[in-house]
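Order of writing sets the labels: A, B, C, D, E and F. Residues in every chain begin at 1.
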Amino acid sequence: MSETHDTHAAHVEKEYSILQIAMNLTIACLVSGIILATTYFITHPIAVEKAKMLEEQAMKDLVAEADTFNAVDGQEGWFSAEKGGSIIAYIVPSESKGYGGTIKIMVAVSTDGKVIDYNILSMNETPGLGDSAAKDFFRDRIKGKASDDLIVVKDPSNKENVQALTGATITSRAVTDGVRAAVDEVTEFTGGK
Amino acid sequence: MSTQINAAETLLSVSTAPYIKSEDTVSKIMWKVNLALAPAAIFGVIYFGVPALINIVVSIIAAVAAEYAVQKIRKVRITAFDGSAFLTGLLLAMCISPEMPPYMTAIGSVIAIVIAKHSMGGLGQNIFNPAHIGRAALMVSWPIAMTTWSTIKTPVDAVTSATPLGILKLQGYSELLETFGGRSELYKALFLGMRNGSIGETCTVLLVLGGLFLVWKKIINWQIPVVMIATVGILTWVFGPEGFFTGDPVFHMMAGGLIIGAFFMATDMVTAPITKKGQIVFAIGAGMITSLIRLKGGYPEGVCYSILLMNCVTPLIDLVIKPRIYGTGR
Amino acid sequence: MKVLKTFRGGVHPQDSKSYTRDKAIVEMPVPKKVVIPVSQHIGAPGIPVVKVGDDVKKGQLIAYNDTFITSSVHASTSGKVVDIGVYPSSYKNESLAIVIESDGLDEWAPGLPLHRDWESLDIKEIHQIVRDSGIVGLGGANFPSHIKISYGPEKKIDTFILNGAECEPYLNGDYRIMVEHTERLAAGVKIAMKSLNVKRGIVGIEDNKPEAVKAMTEALKGTDVQVVAVPTKYPQGAERMLIKVLAEREIPAGKRHSDIGVVGMNVCTIHSVANAVISGIPLIERVVTVAGDAVAEPMNVMVRIGTSFKDVIEFCGGLTKTPDKIINGGPMMGYAQGSMEVPVVKGVAGILAMTKEALCDGEEEACIRCGRCVEACPIGLIPSMLSILGERGRYEEAKEKFGILNCIECGSCSYVCPAKRNIVQYIRYLKNLNWEHSPHHK
Amino acid sequence: MRNLWNIYKKGLIDENPIFVLALSLCPALAVTTSVVNAFTMGLSVMFVITANNVSVSLIRNLVNPKVRVPVYITSIATIVTFVELVLEAFAPLLYKELGIYLALVVVFAIILARAEVFASKNKVIPSFFDGLGMGSGFTLAMVIIGVIRELLGSGTILGHTVLGAWYNPALIMILPPGAFLLIGYMIGGLKIYEAKKAKKLREVDAQ
Amino acid sequence: MYTAFMILVIMAVVGLIFGLILAVANKKFAIESNPLIHLVEEALPKGQCGACGYAGCIAYAEAVVTDPDVSPSLCIPGKAVVAKMVAELTGKAAAEVEPRVARIKCGGSADKAVNAFRYSGIQDCVAANYTQGGHKGCKYGCLGFGTCVKACPFDALEMGENGLPVVNQKLCTGCGACEAACPKKVISMQPLGAKVTVDCNSRDKGAAARKLCSSACIACGLCVKNCPHGAVKMEDNLAVVDPHICETICTEATCTAKCPTGAILKLM
Amino acid sequence: MTEYLLLFISAAIVNNFVLTRFLGLCIFFGVSKRLDASLGMGMAVTSVITLSSILAWVVYNFVLLPLDLVFLKTVVFVLLIASFVQLLEMVIKKYAPALYGMWGIYLLLIATNCVVLGVPLINAESNFTLMKSIVNALGSGVGFAIAIVLMASLREKLEYADVPKPLQGMGIAFILAGMLALSFLGFSGMIKI
């Protein structure tokens, strides 16, 4: 190594008591704690704010007409999208098993049980293949469909149902199944009311 | 003629015994394997048409050219025409869909030769089967192209663009029988090669004949193909779709790339264990992984990966399984 | 005939024996000059006991050493010692040699040959005769025979094996001795068994020599000696293989045959022992098979020790084609010679003159791990690995992990290798390598 | 000044943390599927390494040698958590993309190595430049890998289509095998360059 | 505020625990490693050539630090510079390291030397040497398979076009690895300052040597006569130069002038 | 039971740590030159991951979560693991010297390594139960061991091959890893968790 050594003396071993050594680290940790606490108090509110904004934005993207979103009591993770005070859609989380693992989605379902749109929160599908399920062209294939039409087919002429992504039938199925499950839940929820 | 032979050009030659050698050479072996594959390849060309031919030719040319270029660059002896690169190219082409865009095939060949073979030192030193590395690389690079098959007519006049294993994986066994019009029809199609699949994998009978030729010529040991195919047969039979012992071993043994893989690729001596016992372990392992992937995996077929995975175990097998040395306890 | 368990591995090269199989041994006339190296055996070289200018007689002792592991050297004809100096040799490249110019009379030393009733000799006397007669192993090892033949009691030897396998292609010397000098040989077997004090004797002959089996069976009828036809497979004649097949014992790694109670000796060796004990004739000549596609007239020749290869070949009609190699011994284990001026020494069983076409040699390529060498190796080594380690000078690994020291250098592996790898040479290279000074030791 | 430049420079190629030292490899493979991720990760590491070098250099005479390493680790962890908090607040999407690898910056060998080898023995300014150099080398390597992988694997750079529609992206480049292979050959390429340079140097030296 | 307090508490506790563990560990299980070894190793050129007599640079570093009897100037490639550094680090006195260089004592290039036979097999001098001593008629000459080239840890040897190795004096450190590798002992280490070198290794008698190689030393003794300082002697049919006389006393090499075969060479 | 088994196989093979998730690469490449060393390393990593996962789980679930100080997990985990490993090393050295000889020497090497920190972090992020954390850790460790042992055997074999000079060492190690990863892709899509 060609480093410049200016404090060789520091390497000379000295005797220290156990407590001295321990305190040295404790102080270091305390200093660290102070720095982190300060940072945390500055950034945390911003982070919470940002997260909320993002969430709102995401929901807004799903249901463009809505002006307010409220959590639905008793249904964890659900939101109702309201326009002028009346509920026009529900936004529900759903998940299913895809090619590379669990796919988590947020589905916006209109009160009459049709898919408005969905948003993939997390997935581990192959880039360029399965992950096209998040793209607009595939979302378009699902939008507006009711539960009964949410079936994956591999026949390009069939416009009723969901045309599978080339080379990623498994992902297509998983996403479609996830969406359908959400639609069914909403139907049950609204029907039960 | 006298015994005066000391003129410079007639100096005696001195080397170490033995002075007589068997007649086989590496190059002869390679060309014989090519020969054994030829019938199945020709069948593929006839059955799938011009695209198959183009892919085979492109693959072989790319492989040989890549080998030539690398050897020039590495400044080592040029052995590009000894038949081994040719064989890698041919085998790669035989394991891919006839519909593959030829430029992708060429890239696969170059990957096989440059990355899998010469990065490790060239002939005889590669750890992984070059053709399969080429195929696996193509599979991850362009999965859609790799799983787009020819459109063929099945015996019951339905048109399908799926391979038997593909139908099995995505639609199930009954659909498969329906497509082919019954079990015996299915077997016949598999045996004669009247089915969809990679260029060279379809015709079971020609592949087996080619394999037997190699066994007869003592180029491959019968143990690897027999044990590997049998393992797949047994496992797919035991772990059937409707509980134990409900599988269709005959179908699985002839479907997909198992026959060509077991006879021509698992037997690649460079990447298989060197002892017979080791080869049997290798074959059992490959058979097990093939069955596992076919029955439980994300892909319809697992021959390629099973061979690659066993390739990485080969050094360990060779380390553990050695012949007993004369006069030692073991 | 009982079916014998064979050894693992081995190869079946074309045996090429037909060139000289049916040709009776021809005595070659004494050449003008013989060059007799004082070192033709394992162990200390003989020290010349004659001076330049001395007259010597056929069978006279000309070099001798006091130590135990050595062998005596005798004049192979009568004449004058014209030089004592370093000459090229077919054994050990070069050696101090005594050059005798023949006087053409070929006169025996006084009292030779004689006739002894060997059965009345005691064991010690037999040992002494063998030692004085300069007999060494003619099966290729050149190990002084008096040592082997006196192992008897102290090494607990219980079996004597006569090695009549002659598994090397081309060579027929042992075979000719077995069919032409059957009685002498049979007497030699009995002498050896007496000398070793053993009851059990086995003669092993490859089953491609039925006449020899028949002749030996006939000659040894009524004795404790069993004549067994062993499967024809190279290297059946290697001691380890033959003992495994005949005595169903294995020689533990690093040990020798005598450690498991067996002594095996070659046909020619035992024939010479018989000649020495019965007729008092020391080892001054031996059978040499001269063959190969460049030789005019292949034959089995009885040659005086010290005759040059060139003279022998000329006796066989000279060369018809330019040879690529002149081989001392058989094609599997012999030594190619750089010159034809080298003398025939005790261990030379054959002289082969072969053209390039007959040799089927190719350029060395990379090992493709085909496993043929592993299948062929009679010892159970992994020759491919040894050759690869050889290329990289890794002696330690070759020894510790791959048992290189067990290799008998039979050449089966090189023979089968389709990549034409010089496996045996790599093995020798490694064995010779002084690790510390290896160029690869970085 | 020259001296500081030399300290800075060596991290770029001669002692490049990824290609030459083969340290902190995980992010080099995991987050280089796109240039943005690679660059952000690079910057984060650069920040951490520089800040940590400065901090270590500042406290180097206060630290008891027996707890040198743990104190340095504490320092690194603090800085990393700081980066995490900041990114979470100001770039939450990026924060999510980098995932667990951001937290793992704590244990990147290169950071501790620089603290041990350099900062604990040098004054603040050189330590700062050393950290900056190493961090730049790291970022440089990350971005190069990222560019190649994104270009070949998706046909884009920074999300913009570069190679046009004719290009059929080779997925292997954004998947693990491609990443390993790519780095393997890049290391090989660098070795050729180094060997040429070294031979020239030695010949010059001898004269 | 509660959170802030908890952060501090947690950090303090963690620090304390770790600190205590470490402190105890250090008290009880301190392993002494000598940093000097590392420093010495850093100073060595790391050719791993073994010229020092140890199995690599680390081994030598360890030995020279721990064993007071080991000289600091054993590293030949490092020359005086390294010896001085090692001596300083270890507090030992450095002996003079004499700069040496490898010289090839054979002029029997392909066009000058006669071959006895053709050799085929492993292309390596050691392997060829035990196959009847190699193909060269002269049993003392260079076989030309470049085993020495492979052995040189410093890339200082190259195979010349005429089948003899060539030493690159700029790169040769005099480590002697090539000397050890050569089966014919054709290479020897000579002082850098020597004025002449004998370019032959043959111990054959004059007539025999001349027959086998046109540049052989035929032991005619003219060089011996022509050296005014008595530096050249005839040993075993071969001229041998005393390098020290040649290096220190000789001012103008005259011994080479009369050599009929050019077996004794003037160096620049 | 099957759930745990699947989790284990998924962690060990399908989503192999080294080959598909890129963790622990420094030691993977650093210690895979020799087979015996890699075996020792594999064992050491497995045990350390498992034990530190348990510790981290306890701290996370009983301290950090209740106090809502999740953001401190990086700092706390890293110090915790480092000190724990140090202690482990001491104990083994003192009470089981044979074991220490086998793999103790690798312990300090991995004290601050991303694989050992990564697993507890993943466990925490996935909200695994204690049992699941342990299984995940064991699986990851075994997967690491498999990968490094295979790698070492391949590298030992390539020591006798004519690998082009520039690729010798690290270069070929990466290329081998690439091909290993390519082979392991055969398992992809096998288990969906």
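Operating definition for what follows: contacts are C-beta pairs under 8 Å (C-beta built on N, C-alpha and C of every residue); 3 or more make two chains touch, one makes a residue touch a chain.
Worth saying up front: this structure is predicted, and the values here are computed from it rather than measured.
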{"item": "Distance in touch steps, counted as few as possible, from subunit E out to subunit F", "value": "1"}
{"item": "Chain-chain pair with the highest tally of contacting C-beta pairs", "value": "B-C"}
{"item": "Chain centre separation in whole Å, for subunit C relative to subunit B (CA means)", "value": "48"}
{"item": "Centroid distance [mean C-alpha coordinates] between subunit C and subunit A, Å", "value": "84"}
{"item": "CA centroid of subunit B to CA centroid of subunit F, Å", "value": "34"}
{"item": "Distance between chain centroids, defined by C-alpha means - subunit C, subunit E (Å)", "value": "43"}
{"item": "For subunit E, residues contacting two or more additional chains", "value": "3, 7, 10-11, 14-15, 18-19, 22-23, 26, 116-117, 120-121, 131-132, 135"}
{"item": "Multi-chain contact residues (two or more partners), subunit B", "value": "12-16, 115, 119, 121-122, 125, 137, 140, 143, 298"}
{"item": "Interface hub residues of subunit C, defined as touching at least two other chains", "value": "335, 337-339, 361, 366, 422, 425, 428"}
{"item": "Touch relationships between chains, expressed as pairs", "value": "A-B, A-D, A-E, A-F, B-C, B-D, B-E, B-F, C-E, C-F, D-E, D-F, E-F"}
{"item": "Contact footprint of subunit F on subunit E as seen in their complex", "value": "3, 6-7, 10-11, 14-15, 17-18, 21-22, 25, 28-29"}
{"item": "Residue ranges of subunit E in contact with subunit C within the complex", "value": "48-50, 116-117, 120-122, 124, 126-127, 130-133, 135, 147-148, 150-151, 153, 177, 180-181"}
{"item": "Complex contact set, residues of subunit F against subunit C", "value": "160, 162"}
{"item": "Of all residues in subunit B, those that touch subunit D in their complex", "value": "101, 104, 107, 115, 119, 137, 140-143, 145"}
{"item": "In the complex, subunit C residues that touch subunit E", "value": "93, 335, 337-339, 361, 390-391, 422, 425-426, 428-429, 432-433, 437-442"}
